[in-house]
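In what comes next, chain A is part of two complexes: it sits with chain B in the first one and with chain C in the second one.
Let's turn to the complex of A and B:
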């Protein structure tokens, strides 16, 4: 796996991306920084959905938990690294809570539970507006860095490390067992694999990266609000990104997310129509290229 | 006073929820499609009714008619442009068709919503009530239109019942929901049954959208919320069960109305969401669903 052409291509891409601050304006770097965090959201979603086969319509439940747990602690004067850890921890707890129904429900039923989880979280944030800042949002005491280049490198490094871990995991025995249980849980269990344990692990790992990425993103932006980390529309964007890039490839969703965020910025002159165009492009990809943009390149031995 | 008020308002809103959800559940029962563009289609019919009734000065009745026609057209567009290409695609493996249809209709719903918002802004649009005036019942003044809405909803649902249970085409529809393969062996063309379902679905979504616009007003920004509420009602009642959806619509409608009147309108959907999680967890097939 590590000797393959793809591996060297990935290294070249990361090095090129790391060198981008030499040429790009800080505005473009900022856009890419957001894109990288979205890349982690999408990769984490892909582990749960593409591999474990859990229809998760609410990826923002996990990112939102991470972001708000970190933000609320920070408002109490807790140090930034501790806040990040707490954010990831809160998301893992949320992920395991979500895994509980997932072990009993399947398909659309579980999808609905995840959707409802996001709506409930959103309502809680609005009801406890006194603590959470409600719809206006929560302002952070600390931020990661004030320098655009540093922020960019932090985000890129974070995405790269997460990508390596998640990709490695997906190609390992654990990933294969997850994939098997996603496709046919009964048969996988009959082969002697502990489905419950693997699914719990998938939820935990996916939640860890979602929560950490959510927490880091709000410390980059300096503010946490429902519209940035919780809203269903953001979750839809994460899902579109993963499908655009190619599900079940881990790296595809990251590429899809960066492209999606860039496209959103590039289409900004179109105003309201930009969302329309992005959705239309994603729909066309689904209809004509169901494997996603990178599906053919990245999927191990593409199916006939 | 308040009790009567809650009873009346809850009845009207529940009837409307029921109508929206019946189309959604019928579609799933017969063709196995969960159409996440549901809210988008409702919004298109509502805004069409508003444009024809208001901008062109054609009056509420012609507007409502145009809205229902728009519902049918959008429903067919959803089928021919999004759902059928995915179902027939060779590149999508069979096990993943369901997920692709979900994602495809979700995207299509966003496109409908954004297109409406682009041409007619996302301000809430209210179509003039079909009949003016106020009715006093049990000491509560309610717009007569609210009674009319409940009546139209139940009339439409009744007609649907007659169509499904008393006509040949309807019985074929019912059979398709039970065993599509057996039906094809008897020489029925499944694709024509699907066309019928999408037509019925378009009428139901169109009527629901138009009535909603005369009742509470509709904005394109609500599309996602409308889809989510139809989806929750249908899952609460049991996927594919029409009577379950109606029961669930009334539970949801009254729960929301009670919360809004007795506690606070800001948390009106909260108890429903909690109930939904509980039901899905304790009884995943829904209230009246089959497994």
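Let's turn to the complex of A and C:
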């Protein structure tokens, strides 16, 4: 894997991206920064859907838990690094508490449970507005950095490291077992694999990166609000990004997420129409390129 | 292997699904190096027994001892770890990984912490691939392999687990004669390695060259046990497969010759991916004739009927049909158009609308009839199946299997078909119910000009009504003739 052309191409891309602050305005850097955090959301989602075969309709349940856990602790005066860890931890604990009973269900019910979980979290935040800031949002005491370049590099670095870990995991022995469980659960069990255990672990890893990314994003923005880290519409965007970029590729979803955020920003002058245009393009890609934009590049082809 | 204690010991195994007894008090043992054939017609419960052993389905009662440990009720992965391996008939391999990686998967430990399969595992995967004859395709992906090699890969995965007990579901399905021999050789290899092998198949014939003993099931119960030769001679087995005292038709058979064929199938071939489901099959059904196609599960009956109904595309051959006084080809017509043209199929799976009542299911089928016609047809059907009238307001899914089958037939008849295709109407039904359906068919035959094409593995049911019989085996028509000559000419090959 390390000798392949793909690997060197990825290094070149990361180096080029790291050099972007030399040329781009701080406004564009800000857009990309958000795009990179979304990239991590999408990659984490792809590990669960593309490999373990479980559709998580509520990726923002995990990002939201991470973001608000970190934000609420920060409001109590806890240091920023500890808050980030707590955010990731909260997402893992919340995610496992949800997945443990949900994975017993078969068919579309796992997806429905995750969808309902987002609504519950959103309502909880609104009901306890006194603590959480409700619909207005929660303002952070600390932020990652005030410098746009630094924020950009932190986000890029975080996405790169997450990408390496998640991609490596997907190509590892564990990735094989996960794919087998997702494709044919009975056969995977007959080969001696405890499917529930492996899917739970995948959910936990997905939750860790989602929660950490959510927490980091609110410390970048300086505020946590339902509309940015919890709303169902955000979750749909994460899923569209993953499918747009190419599911089961891990790296594709990151590319899809960045493109989606950039497109949304570029089309902002269209007002209401911008969402329509982005959705229409996503629909066309899903219908005519079901493998996604990077599907062809990143999938191993049959050798010989 | 010094002691000959059985590696697999099944006793008192029972399972009910609602009202259906899928397995009752099943017990057998397999010693190291022994091959047992578990046979029974479709719906006999043999697949359930296999699932019970593997833990895919939890038994209601009974024991499954693997090398002395009772694993009944354990989750599948723990039973697999205990030493039970299976070769599935249909599997979904990892399509984006190579053959080598697919075999490697079976060698991985059940751990989330071991990220790399070591050198040793890789070498072992290569060795196993070589032992089953896959060395030349290691780097290819499963989708590019011929069918026989896919089966080899499944075998390799089972070997990789080094199981004490190997379950093999329909070991030779879809294979050519030459491939069957090399597969049999690989399975004999299990015997030499001291594993206990359970072959699950439809009839004795397909496994007789390989097995030490045969255990025969029917309707969830044991009906015979012994060597292949003994089981073939067993009167109960003969009755299940060949039909006991065969009652011959009460009406004079319709002469097929000289009649205009209503349906004509010529040299039809169907491929499912790489498996050949039908191989140059020809069939003719005359107007008013009752034609039975008998064949075991997997012989290709359903594929043949689905091709006629337009549900399955065919690669070769033609199907023509009498419509409006002319012979028209059916190729390219949609299933709905073919059904409206008069060919109505009553599928093996019944396909009832479970949440609708009996009446709603029937009314739905009457949608294309002219007004007034529906009520007449309904009255006639209620006369044919009085049970359905009694259950008019009951939802279809709450009825017994036999009642559902009657409803499925009635629904097909509601459309006033010119050709009624019945696919396995007796599947999984008790003899009493089969008797009732048989009587209804007899009434149908004697009082209406309807043409029927029946597909059955149950010969007792298929023969009495038929004017003509076809025998389908491994996708080929191997015999055609009047029902009276079946037992003498085709019966032996069927057991």
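What we mean here is this: the second predicted complex is superposed on the first by the 299 of 304 C-alpha atoms of A that agree within 3 Å, B and C clash if a C-alpha of one lies under 4 Å from a C-alpha of the other, contacts with A are read in each partner's own complex, and residues count from 1 in each chain.
To be clear about the criterion, a residue touches a chain if its C-beta (ideal position, glycine included) is under 8 Å from a C-beta of that chain, and two chains touch if they have at least 3 such contacts.
This one's a predicted model, so the numbers in the text were calculated from it and none came from an experiment.
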Combined model on chain A where chain B meets chain C, clash or fit: clash
Chain B versus chain C as contact partner of A:187, first or second or both or neither: second
Chain B versus chain C as contact partner of A:195, first or second or both or neither: second
Chain A residues touched by each partner, larger count belonging to chain B or chain C: B
First (chain B), second (chain C), both or neither touched by A:13: neither
First, second, both or neither for A:174, with chain B first and chain C second: second
Chain B versus chain C as contact partner of A:129, first or second or both or neither: neither
Segment of chain C intruding into chain B (one of 163-171, 343-351, 397-405 or 487-495): 343-351
Doubly contacted chain A residues - partners chain C and chain B: 183, 303
Residue numbers on chain A that touch chain B, as the complex places them: 55, 101, 104-105, 107-109, 111-113, 115-117, 119-120, 123, 126-127, 183, 232-233, 236, 239-240, 243, 272-273, 275-276, 279-280, 282-283, 286-287, 289-291, 303
Residue ranges of chain A in contact with chain C within the complex: 168-169, 172-174, 176-177, 179-180, 183-184, 186-187, 189-195, 197-198, 201, 248, 299-304
In the complex, chain C residues that touch chain A: 54-56, 75-78, 80-81, 84-86, 88, 91-92, 94, 96-98, 101, 104-106, 108, 110, 112, 114-117, 139-141, 143-144, 157, 161
Residue ranges of chain B touching chain A (in the complex, touch as defined): 34, 82, 85-86, 89, 91-93, 95-96, 98-100, 102-104, 106-108, 110-111, 114-115, 117-118, 224, 228, 231-232, 235, 239, 266-267, 269-270, 273-274, 276-277, 280-281, 284
